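Below, chain A partners chain B and then partners chain C, in two separate complexes.
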Partner chain A sequence: MASTFIQSLDPRVTRLQMPEDINQQPLQSEALDQLVTFQVFMQKKEGKNFEHAGIVHAPTVELALLYAKEQYSRRFTCSGMAVAETSTVMASPYTDGGISVYQLLEGEAEATTATADVYEVFHLMKRGKQHEHAGSVEANSVEDAFYKAKESLMPEKPVLNIWLIRRDDLLTVDEEDKDIWNTLPEKGYRDAAAYKAGDKLKDFKEKNEATSSH
Partner chain B sequence: MYGGGNTFEKLQGTDLQNEDPQKLAEFEARIQRGEKIEPADWMPALYRKQLVRMIEQHGHSEIIGALPEGTWITRAPGFKRKLSLMAKVQDEVGHAQLLYAAAETLGKPREQMIDDLINGKSKYSNIFNYPAFTWADACTISWLVDAGAIVNQLANSRGSYGPYCRALERICAEESFHLKYGHHAVIHLATGTPKQREMMQAALNRWWGPLMHFFGPPDKMSVHSETLMRWKVKMASNDDMRQQFLDMYVPKIWELGLTIPDPLLRKNEETGKWDYTEPDWEEFKRVINGDGPLNKERLAVRRTAEERGKWVRDAMKKVAAKEYVTPLA
Partner chain C sequence: MNTDALKELLYKIADDQLILGHRNSEWTGVGPLLEEDIAFSSMAQDKVGQSYQLYQMLHQMGEQEPDTVAFMRNANQFHNSQFVELPVGEYDFSLIRHFLFDHAELIRFSMLSQSSYEPLAQLARKIKGELKYHVMHANSIIKQLGNATEESISRLQKSLEGALPYALGLFEPSPFEEALKEGGIFEGETALQAKWEESIRKIVEQTALQLPDLKTLTPVYGGRSGVHTEHLQPLLDEMAEVFRVDPTAEW
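For the complex of A and B:
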C-alpha cells in the first residue's frame, strides 16, 4: 500500500507521520510567535567583572536565566550569571575618535534621595568587544545615574558606549546557588583533549609501511 | 559549525545610489581602519540586507545540519560515542541560536527567519540535503563537513560586523571538540576491521561531491562581489577556501589509507594549488533549488516541530513579557 507519509531512513522521522505534501501550503502564522529578548551577563571566574555574553529569547526573566545557563555556560568556566530584559537596558549613543561618552555629559549629579535606585553600569571600551561591568551607582533617575557614574566610575581611557540597568531589573544567580557551576569537570567528553587518537594512527601507518615494504 | 557556500543576492548598479555619500564614506573608512560595525551604527541598506541573509543562512545550516547527525544518536556504537554526538548536536543547535541572535540585531526577528526557512524563502547549506546512510556517514559529517565549515567561519570571524564576529568567536571555541571528535571517530573506523574500513570508504565516496560543492561555485561562475569583499562581509573567495580545505585535509585522508574518488586530484607543484575534477555544478543548482534527495524531509521535520510546538509557545506567550525591542549587541 502506498504511504501518504514521508518515509525516512530515520525511523523516528518516519514515525512523525508527516504528510507527503506537507510543504505544499505556506506555513500560516497570523502573528510572529516572537518572545522578548534578554541580555545575558556572565562572570567567567570568581573576582572577574561580569561581561555581556549575548542574548536569549524567553517568556520570563526566570526562564531567561535558565536558558542563558544552557546557552552560555555549557562549556566555558562560569562563576556567575545575570539577565535583564532588553527593554530595561538604557544605552548611551556610541562615540568615535577617542571621545568618551562621559565627555559628552554636561550636567551635575543630584543629591541622592530616599527613593533612589541602584543602577549597574557597563562600559564598552573597544568596538567589537563586549560591555563589561564597571560598578554601580545610587541615583534618582537614569539621567542622574549617568552623572553619578561620571563622578565615580569614569576610567582614564575613553568609554565608547554605556549601558545602565536598574539592579531590580537584573536577575542574578544567588550566592547560595553557586554550586550549579560545579558540574563542568564531569564534562570532559565535551573537550577536544578527550579525543586523542594519535597512537592509533601512528600504529596504523607503521603497520601499513611494514606491509607495503614486503 | 556548519556554514559554507553562502549565496548572496545579485548586486545592482543602483544599490548604492540612494545612500548618503558622506555617511557611506565614513562607514567604509571605519571598515578600512579595521574597526567593527555595531548594530546602532549607520550602515548602507545593502550591507544590512546581505548580512542578514548570510548570518541567517548560517543559522539555518546549524539547525538543519543537526538533523543528519541527530539521526545517529540513538544508533551510535556505544555509550561514549552517543554522549559525544549528543553534546555535538546540542552545540550545533546552540550555534543556531547565537547566529539568529546576531542577525536579529540587524532588525529581522528570529521567528521571521524560522518562517522563511520553512517556507523555502531562505536557504541553508546544500550539503544537508544528502542522507547519512550509515554511522560512517555521520562520522564523515562530524569530521570533514565541520572541517570545511571551520575554514569558512575562521575567515568570516575576521569580518566587519561586531555581533557576528562575537558569535563566531564563541562558536569557533566549541569547534575544536567537534573536529577532534570527528577525526577520532573516522580514525577508529579507518584503522578498524575490513568491514569498518569498507564502510568508511563508501561514506567518503558518497560525501566527496557534496564536500566539493560546499564552498560554492567556482569564482569564475559566481557573482563577482567586490563591494561585499570591501565591506568585509565576504572574506575569502569560494575557490580560495576550497583550496585551503584540500591543503589541510587531503593529506589527513590519504594517511588513513582511504582513497578520494577523483582521479585528477593532485597538488600541482608548479602552481602550488590543487588540481581536481569540477564537481557537477548542475546538480548543485538543482539541489539548492529544492530538488535534492532530502530537501523535502528536512523542511518537513522543521515544519512539524514548529507546528506541533505551537501549544508550548502559546502557553509561554500567556505569561510572557510584551515589550519586544531589537537586541542591542
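For the complex of A and C:
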C-alpha cells in the first residue's frame, strides 16, 4: 500500500488523492464497465446530407445522442444529429479499383409487403471520406433493402461501401428540441488559441542548437 | 429603468454561472466515462461563456472589465448562491446540483427572454439552446441512474436531500424584487421558484427518488448578499492564480 499521494501542479489532480504507485497497480478488467458503441451521423447545415461523424460509448441511446452533440459539434455549428447502436448497422463488403458494391449484387428486389421497414442508406464514395446519407428505401428484409437501394439510389460513380440502418433504430433530435443547435456563436474560449505551441517549440529548438554549437 | 436593480440581477446570475462553471470544470479529465467527461466539461464552458456575456453587459453599464470582475473580487463581493460554490463532491452530488441548477436556469432565462431590458432578452434567446441541452442531459442521466441500481438510487437520494436546502437558496429574494417586476425586467424569484418546483417534480416522479416536502426545508440564504461558505475563497484563489501572476496573460 502506498502511503503518499500523487502531488501534481494541477490542484484538481492532487485533490483526487491517488496513490503514487497507481500506474503499477494491475487493472481490474472485470470491474470495468463495458458500454456498447453507437455510430453518430451529423448534418452540418440545414439541407445538407447527414454524414458519419464517428462513434460514442453510452449506456443508452438517448445518452448517446446527447453525448454525440458535445463530442462532435461543440466547436462547430450543426443542424442535426442521429445515432444508432453499432450492432444495428448492416454493412456491405468493401470494393476497390472502380468497382461499385452495387455491381456485386445479383438479384431483383421483391414487392414490398405491409410489414416492410424503412431503411436509411449510406454510401461511401471515396476511401478516407465519411459515409453519406443517400436516401431511404422500404423493404421486407436487409437483403431486399440492398436490392431496393440498387434500383433507386445507385449513383453513376462507384460506391465502395454501403451501410443500411433501419429507421426505427436511429434516434434523432425531436423537432421541438431543435433549438439546442442555437448556441452562442463565439466559441473562441473553447480553443487554446493563445497557446502558441509552435513558437515555443521553435524557441526551444533554437536554444538547444545555440547551446550544442558551443 | 432602475439600474441598481438590474445590476444586482445580472451580477447574481453571472456569478452563479462563473462559479458553477469553474466548479464543474474540476471534473475535466476525471469524469466517469470519456463521453460524459466531454459533455460535462463542455457544459461548464457554456456557463463560463454565458457569464462572460453578462459581465460584458455590466461593463457596458459602467462596471469594470469582465476579467477584472471575475478575477479581482474577494468572496464577500460575489453574489452567487452558496449552492454553486459547494465542492464537487462525488459525481452523484455534481449531477444532482446540475439537475437542480439547470432547471432553474432554463426557466429563469425563458422568463428573461420576455424582459423589458432588450439586451438581456436578446441574450436569453441566444443561449436558450445551450440551456435546453443542459436540462436534457440532466434529465436523461437522472432518469437513468435514478432507476438503475440500489446504490445509484440511494446515492442520488442522499445527494438530493443534502442539496435541496442550498438549491432553494437560488431563489433568495432580492431587495429589488418589486422594482424588477414593476419595470418588466424580471418576474421575480417567487414566480421562478414555483415554476422550478413543478419542473423538477415532473422528472423526479419518473424515477425511484423521493422529493422531500420543500415547505419543511430551510433555504440556505446569504450568498446573494456576499455571505459565503469557506469553500468559495479557495476556489477564487485557484481561478485567479494566472491572472494575479500576469494580468496580461492570454491562455
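The definition used in the following text is that the second predicted complex is superposed on the first by the 159 of 214 C-alpha atoms of A that agree within 3 Å, B and C clash if a C-alpha of one lies under 4 Å from a C-alpha of the other, contacts with A are read in each partner's own complex, and residues count from 1 in each chain.
One rule holds in what follows: a residue touches a chain if its C-beta (ideal position, glycine included) is under 8 Å from a C-beta of that chain, and two chains touch if they have at least 3 such contacts.
Note that the coordinates shown come from a computational prediction; the quantities given were computed from them, not determined experimentally.
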Practice problem: Check the residue A:57 against both partner chains and state whether it touches chain B (first), chain C (second), both, or neither. | Solution: both
Quiz item: In the superposed arrangement, does A:115 touch chain B (first), chain C (second), both or neither?
Solution: neither
Practice problem: Determine, under the contact definition given at the top, whether A:211 touches first (chain B), second (chain C), both, or neither. | Solution: neither
Quiz item: When the two structures are overlaid on chain A, which partner does A:179 contact: first (chain B), second (chain C), both, or neither?
Solution: second
Quiz item: Counting only touches as set out at the top, which of chain B and chain C does A:66 meet: first, second, both, neither?
Solution: second
Exercise. Check the residue A:24 against both partner chains and state whether it touches chain B (first), chain C (second), both, or neither.
Key: neither
Quiz prompt | Partner, of chain C and chain B, that touches more residues belonging to chain A | solution = B
Quiz item: Looking at the overlay, does A:74 come into contact with chain B only (first), chain C only (second), both, or neither?
Solution: both
Self-check item: Those residues of chain A which chain B touches in one complex and chain C touches in the other
Solution: 12-13, 16, 33, 35, 56-57, 59-60, 63, 70-71, 74, 187, 189-190, 192, 194-195
Exercise. Within their complex, state which residues of chain A touch chain B.
Key: 6, 8-10, 12-13, 16, 18, 22-23, 26-27, 29, 32-37, 39, 52, 54-57, 59-61, 63, 70-71, 74-76, 85-87, 89, 91, 93-94, 127-128, 130-131, 161, 163, 187, 189-192, 194-197, 200-201, 203-205, 208
Self-check item: Touching residues on chain A, where the partner in the complex is chain C
Solution: 11-13, 15-16, 33, 35, 56-60, 62-63, 66-67, 69-71, 74, 177, 179-184, 186-187, 189-190, 192, 194-195
Exercise. In the complex, go through chain B and note every residue touching chain A.
Key: 35-36, 38, 40-41, 71, 74, 80, 83-84, 87, 90-91, 94, 97-98, 101, 104, 109-112, 115, 118-120, 131-133, 162, 165-167, 170, 173-174, 176-177, 179-181, 183-184, 187-188, 190-191, 255-257, 296-297, 299-301, 303-304, 306-307, 310, 313-314, 316-317, 319-329
Quiz item: Which of the residues in chain C come into contact with chain A in the complex?
Solution: 26, 28-30, 33-36, 38-39, 42-43, 45-46, 48-50, 52-53, 126-130, 132-133, 136-137, 140-141, 144, 238, 250-251
